[in-house]
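Some structures are shown below for you to check.
In the two complexes that follow, chain A is the common piece, with chain B as its partner first and chain C second.
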Partner chain A sequence: MNLLAFNLPLVALIPFLGAPIAAWAARFNRLASAWVAGIVTFLSLLILMPVVHIPFDNDTLIQSWSWLPALGLDFAFRLDGLSLLFSFLILLIGLLVILYARYYLSPQDSMGRFFAYMLMFMGSMLGIVLSENLIQLVIFWELTSLTSFLLISYWQYSQDARDGARMALTITGAGGLAMLAGVLMIGNIVGSFNLTDVLASGDLIRQNEHYLTVLVLILLGVFTKSAQFPFHFWLPHAMAAPTPVSAYLHSATMVKAGIFVLARLFPVLSGTEAWGWLVGGAGMITMVLGAYTALFKHDLKGLLAYSTISHLGLITLLFGFSTKLAAVAAIFHIINHATFKASLFMVAGIIDHECGTRDMRKVNGLLKYMPHTAVLAMIAASAMAGVPLLNGFLSKEMFFQQSLVATDHHPLSWAIPIIVTFGAVFSVAYSLRFIHDVFFNGEPQGLTKTPHEPPRFMRIPVDILVLLCLGVGMVPVLIVAPILTVAVAASLQGVPPDYSLAIWHGFNLPLLMSSIALVFGAIVYFYREKLFRWHDENLPRVDAKTLFNRVTHGLLVLSGKISRLFDRGSLQNAISWVLLSGVAATLYGFLQFDSPLFGDRTLLDANLLTMVQVGILIVASILTAVMHHKRLVALIIIGVIGLIVSLGFVKFSAPDLALTQLSVEVVTIVLLLLALFFLPQHSPQERSHKRLTRDLVLSVSAGVTVMLLAMAVMTRDYSSISGFFLENSKPGGGGTNVVNVILVDFRGFDTLGEIVVLALAGLGIFALLENLRLPAPLRDIDGREWSHDPHPPIMQTLTRLLFPLMLMVAVFIFMRGHNLPGGGFIAGLIAAVALISQYLANGIAWTNARIKVDMHKVIAIGLTAAFVTGFAAMFLSYPFLTTTFTYLKWPIVGKFEIASAMIFDLGVFLVVVGATVLILVELGKLSHASHSLAQQEKK
Partner chain B sequence: MLNIAIITSCVMVCTALLLSLYRLLRGPSVPDRILALDTLYINSIALLILLGIFLQSNLYYEAALLIALMGFMGTLALSKYLLRGDIME
Partner chain C sequence: MEWLVAIAIGVMTSCGVYLVLRARTFPLVLGLTLISYAVNVFLFVMGRLQIGEAAIISADTTKYTDPLPQALVLTAIVIAFGMTAFLIVLALKARSELGNDHVDGMSYVAEEQEKKTAVGDSK
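Showing the complex of A and B:
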């Protein structure tokens, strides 16, 4: 196997594999999980390395596997310049953040959990940027929403963290759904979900009548993720996360995912008037609003949060210009913003760490306490402000240039440079505040500890990032030009335009705008006290959180009201709705078409035996309804119905079903009796005549409808898919029992899903019932005391004798299941009944002392066996769950067939036994616990 | 000859089934009804064996075998419920 054939999916999936290892490593040593996270990230980077040269050769690497060919879906990955740039940002800044977080997290914080979340998030991000298939991109997109939820709510005990995380998840998750709709529409228009095809069909999409809908849906996803107005409000609340999370999510990753999609779909969606107004408009508002608000935040991270929003707005605005040069500037600014913002967040974390607060009214004059960090912060903040010789200056210069020329033809274009400069003024002002308030401006006030420099290795990530800011700012051609060129080429899907990365462009308008921003920014900062006062007095306070809570609460109430219209919390009510709609739909169907109700197929003869069975069935069914007030009696009668149904299965040649039904009958009776012990013994009488009549009419009409439908089908000749299975069972699956071959082979995937559900149900019930105490009735239904003999000897002896016989039958049914009625499912039920019989007759303590198998482990082994059979086929390069079979010759036994499906069937068997016994015994323990409770109370 | 015997037995078993059903209907006590269910199970075994002989099929025996092995479990659980309420202790 050549690693290079599938290294792209590995890059994205290795972090997911590393996450549980990181969590597990924390058990032994706190720092081990940090090491695991670092090594996993490095490994991901290493696996990416061999193909890094491909984008630089102007090539695109695509690795694709068929996923759901029927729907045109591929599991496909793509590496071009844009993916490469983002992968580098994610992995390199990820490495720095991991190093930083190792020193940031305090001993009380669980490192395992943090790094596990972190790795999962990293994997999701890599999945987004490396996806070739758009549906797959959306899946990873939603995964980033989920994992960022976990990261933001990392300090679970904090109300702010939980609220912030929930808000982020709601907003970005909803946006993701909108994007999914947009992607589906694109797939529908283009006829493919592969980016290669989509990127080539820009004209097709732009000329489509649904272009505007597609654009709005995609932009909803982008704007929510990248915190663009009016969805920006989740980002400041996400600051409740630990600072390494903020540094990662809000510099290089999470919020950049939206920008990434803008860059990715730029050749497809851009260039129209709608794009210009929507993207440019949202970007411009966000940029100015963010920059303005940032100045008024006293919290260091709050300032950085709004500054992030503002810079994201700037990038979005650039994309909104739709020109090639604007795209260059946007991608350049993505790189620059990632470097200076990550370092600034890290500095904020260091200050928080060393001072115990992030309030800029308290944190002052830190220069002499932490000179090294102060210098780093000042350089990064200057880059953010756009000071010459730093990277932020270059991309801002390009941005100003574009704001002047990009919209020449538009009547409002003269306003754009002015608004942009206005935003830049505030950008300078808040950067200045970050520097001056924190590191100068007197002495720190009211700090609980004396700040000092952080540990050396905590500062190294900041060192590296700031060096990058300087390097890019001074020698951009050396450091950033190559990767920028390929990223732009990939984003534009064409030759990148000529652009200059020179530091000096002569005296021109952009330089003038930069100077105005710097000078007026300083002035605004100088008069900030007045501005703060004016802001507090004159501008209304909009609390996004309250508004958001009110809206979500309103939505919940509304949906609650709508569901209450139909669901009044009563089972009868719910069933009557289902029956009513069923009858109505069938009636509509009957009236709609005029074909005869019944076909002309000859009916089978009815003999005495059948008549008697059917008679019993009818009488017993009616009796259940009549006697349902006495619950125990109703249960006995249901047992009769089950028996007759099994006999019916035998008559109609469905032995597998009959055997299953018989075993299920026993388990059902035991289960219901276990529960009935704690429930009222009588159902209340329905007194109202009106209600009785209504229910009677409804149930009779539903019954007649079902009968007519069944008759309509059965009186016609029809061909089902069973012919295929009958023909292919032996040659394809190696068994003559079609039912079993379908279960373990043709529809093996379904069965796998079903046993997973069964296992989960078993574990779920275990979790629900564990430690539950219920009051047990002290007397029986007629007020008599319970018998004092818990385990009558006759019962004990009989069941002990039968136990090995039942197990033998189970083994027999299992072994021959592939060819004759039987198989893992029925055998599992029989074995479970055998075990249950021992619990019934001899008690839980006696049986547990003799059967020392933990049913959890049985379930686990069963699931593992089933999955291993599936994956074994994949290792032999067959599709998942492909089975094989061969014939063996043993002495005495003779020639018999052995199929790999049998291991799968064994898995089914174990899961069925484990789950059934686990559920029933857990219910039994419940009564055991309450019994001793009752006895204690008696004493 | 065998056929006549089988058919006669079938009729008799069916009568037994119906009589058990009557007991289930009438009761009057819960043990009566449990017994009716148990008898129905026993009668079903007889019926299946008879049909197996008549149609010369093994599959009927297996259904009969399973009823014989597990049918009593329901009766057992129900009786234990009457005695102790708590069937698994």
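Showing the complex of A and C:
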């Protein structure tokens, strides 16, 4: 087995396999789970390594397995430059975050849970970036929504964490659904869900009449995930998560998933005016709004959250420019943002850890308490501001350059560089605040503990990331150029444009914009007090959380109202609605056809006997309904109906049904009688005339509808598939009773299902009756005491005499079932009746002492027999439940047929006997127990 | 003859539905039993009415009734028994847990109160 043939799915799935191990390891040692998470991540990276060279050879690796071939779906993975870049980001930053989290989490936090969630999230992210199939991509996409929900709500006891997690899940999950719709439309247009085909069909999609719908749906997914305006508000609330989670989700992964899809589908969707307005517009608003708001956040993580929003807007805006160079700048900034933002979040976590608060009004002057961390934070924040010689500067220069040239054909293009510079000014101002407010600006205010440097290993991830910021900023060609080139090539699906990663481009407009941003940023920060006051006094507070809560609450109330229209907590009401809609649907069905209601089949002549029978049946039915208050009477009358129905089966050529109905009738009535003993003997009269009228109308219309439907069918001729059964019953199944051969042979699988249901019903009843205590009524309905002689001698004697005879009948009916009316079901019921009559006549104790058979075992043996018959056929390489038969010649008996189907039928027989007797005897025991209970009470 | 059977099905359905809409468990079980009769007969007559043509293969005749609906109905009858048994035991369990046999499991007091408010509403 060649590992390299399926290593891509392994990369994404190994974290999922590792998650339970991480959770399990925590039971032994809380640090063990961190080790497991680290090793699993490293393993994923290791498995990826052998194929890393492929994108650099300008190749794309695809590993694909057929999944649902009928729908053209493959389980397919893809590795190109873009996937590789993102995989590296996810795995490498993942490793750093795991190391950081190991020190961050306090002893009270469950490490196992944290790292298990973390690994699942990592696997979902890897699944997104490595998917070749778009549907599969959406599945992993929704998995990130779910796992990020778990991560954000990690501190479950905190209301903020729960709310934030729920908001993130609602927004991103809903966006994912929109994206699924968009992906389905793309698949419909292209005829394939494979990225290779989709990426080659850009013109086809852009020229399609539904292009705009597709674009909007995909963008809904992207914007919700990547926190673009107007869906950005979930991200600040997600800051309730532990800081390692924020560092991971909001730098390199979760929010970058949306950006990833933008980059992935760039060649397919971009280049149109709609794309420019939607993507560029959302990006620009988000960038400016995020940068502006970030300055006013006193919470360190709040500042970083809005800064993240702003930078995501910047990247989105770049993609909105639709040019190749803008795509280069966007992907470059993805890398840079991931490095400096992850390190800044980690610093924020360290400060929180060491000071006990993240409020910048309290946290001041930390430089002398933690100089090392301060230096790291200052470098990272400068990268975020776009200071030269750091990575953020390079991508920001490219961004400024693009803002000047990308839209120069548009009348409004002069405004873009101005707005962009405005955003950059605030970006510098909040970065400056992060540095100055936290590390300078006097002494800490009211901290509960004295801050100091964090543990050495907690700082190492930050060290590494900041070194990267510096390295990329100074020698970009060496460190970032190769991976950037292949990622851009993959995103553009073509040759990357010429671009320069030089640090110095001479005095030009972008440099001027950078300088303006730095200078004015410093000025804005200097006058911040005034600005804060102006901001507080003049700008209305828009709290998206209140709005979101109002909307979700409104939706809940609305759906509650709608369901209360139909369901007022009353079963009667609910059933009425179900029945009413059933009747309405049937009547509507009648109206759909213009053929006459009744056909022209020759009908049978009615005869007097049948008329009398139907007359009795009608009277009995109506009496049951009218007399239902007198329960015993109603029960006796309903028995009449059952008998007439079985007579009807006799009349209309269905002897098997008649036999079954008759024996079922006996056990049903005994059962209901036993149960009635414990229920009130009368139903109280219902007084509401309105309800009675309504029910009457409903039931009559239901009856008429069913009658018309039955008549419409019976008056028409038809062709049936039964010809096959009639022809093959004897030669193929070896029996002349076609009904029985269908049951045990042609459609044996159905029967198998049915006896399983029966067995489950029996066992379920057994479980329900376990430990049930119901006091028996002391007197009957008319005030008479119950007879204390429950077993009359005549009945005892007769049933004992008849017992062997009854069993003989059951055996006879069973044996002849294959050829004449009978079979396992009927024989089983007859045997059950025989047994039950013993219980009735002689009492449970007497009978149990003589029939020492556990009915559970009977059911089990029956089911086993039925299944074994099925599997035996498979053993002989026939399909499940294939039967065979042969003829034997026995002395005296003569020629005798033996069929394997009979073993199956025996299974049916045993299950029917077992379940029926189990049900009735359990109920009988209950009554027995309650009698003695009642007698004790009496004494 | 077809009309007679159709009417019988209709009447059984009507009475069954009426009983199913009642507020107590026992009439509900009776109603479901009636409806199962109706449904079984309905399914059975999908094979049309035939007299004296049972589906037992013999050399003397070539005309048989449709055996397939019969096979389906046969198991349906047995399953209906299982369902009835389960329901009635559920009703017993509800009686023992809730102290009454109302389908909504409400106590008599609450029910009386509901009736009073309902009367008040209708006035």
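Basically, the second predicted complex is superposed on the first by the 600 of 939 C-alpha atoms of A that agree within 3 Å, B and C clash if a C-alpha of one lies under 4 Å from a C-alpha of the other, contacts with A are read in each partner's own complex, and residues count from 1 in each chain.
Rule of thumb we're sticking to: a residue touches a chain if its C-beta (ideal position, glycine included) is under 8 Å from a C-beta of that chain, and two chains touch if they have at least 3 such contacts.
Since the structure is predicted, the reported quantities are computational estimates derived from the model, not experimental observations.
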item: Touching partner for A:639 - first (chain B), second (chain C), both, neither; value: first
item: Partner chain(s) touched by A:212 [first = chain B, second = chain C, both, neither]; value: neither
item: Contacts of A:821 with chain B and chain C, given as first, second, both or neither; value: both
item: Which of chain B and chain C A:17 touches, first, second, both or neither; value: neither
item: Partner chain(s) touched by A:612 [first = chain B, second = chain C, both, neither]; value: first
item: Partner contacting more residues of chain A (chain B vs chain C); value: C
item: Touching partner for A:809 - first (chain B), second (chain C), both, neither; value: first
item: Partner chain in contact with A:927 - chain B first, chain C second, else both or neither; value: first
item: Chain B versus chain C as contact partner of A:758, first or second or both or neither; value: second
item: Contacts of A:676 with chain B and chain C, given as first, second, both or neither; value: both
item: Contacts on chain A seen with chain B and repeated with chain C across the two complexes; value: 635, 655, 676, 821, 923
item: Residues of chain A touching chain C in the complex; value: 569-572, 575-576, 579, 601, 603-607, 610-611, 614, 617-618, 621-622, 624-625, 628, 631, 634-635, 638, 641-642, 645, 648-649, 651-657, 660-661, 664, 667-668, 671-672, 675-676, 678-680, 683-684, 686-688, 690, 695-696, 698-700, 702-704, 706-711, 713-715, 718, 720-722, 725-726, 729-730, 736-739, 742-743, 747, 750-751, 754, 757-758, 761-762, 764-765, 768-769, 772-774, 819-821, 825, 829, 912, 915-916, 919, 923, 926
item: Chain C - residues contacting chain A, complex; value: 1-27, 29-30, 33-34, 37-38, 40-42, 44-58, 64-68, 70-71, 73-75, 77-86, 88-93, 95-96, 101, 103-104, 115, 118, 122
item: Chain B-facing residues of chain A, complex; value: 608-609, 612, 615-616, 619-620, 623, 632-633, 635-637, 639-640, 643, 646-647, 650, 655, 658-659, 662-663, 665-666, 669-670, 673-674, 676-677, 776-777, 780, 786-787, 789-790, 792, 795, 799, 802, 805-806, 809, 821, 830, 833, 836-837, 839-841, 843-844, 920-921, 923-925, 927-928, 931
item: Interfacial residue positions of chain B with respect to chain A in the complex; value: 10-11, 14, 17-18, 21, 24-25, 27, 30, 33-34, 36-37, 40-41, 44, 47-48, 51, 59-60, 62-63, 65-67, 69-71, 73-74, 76-78, 80-89
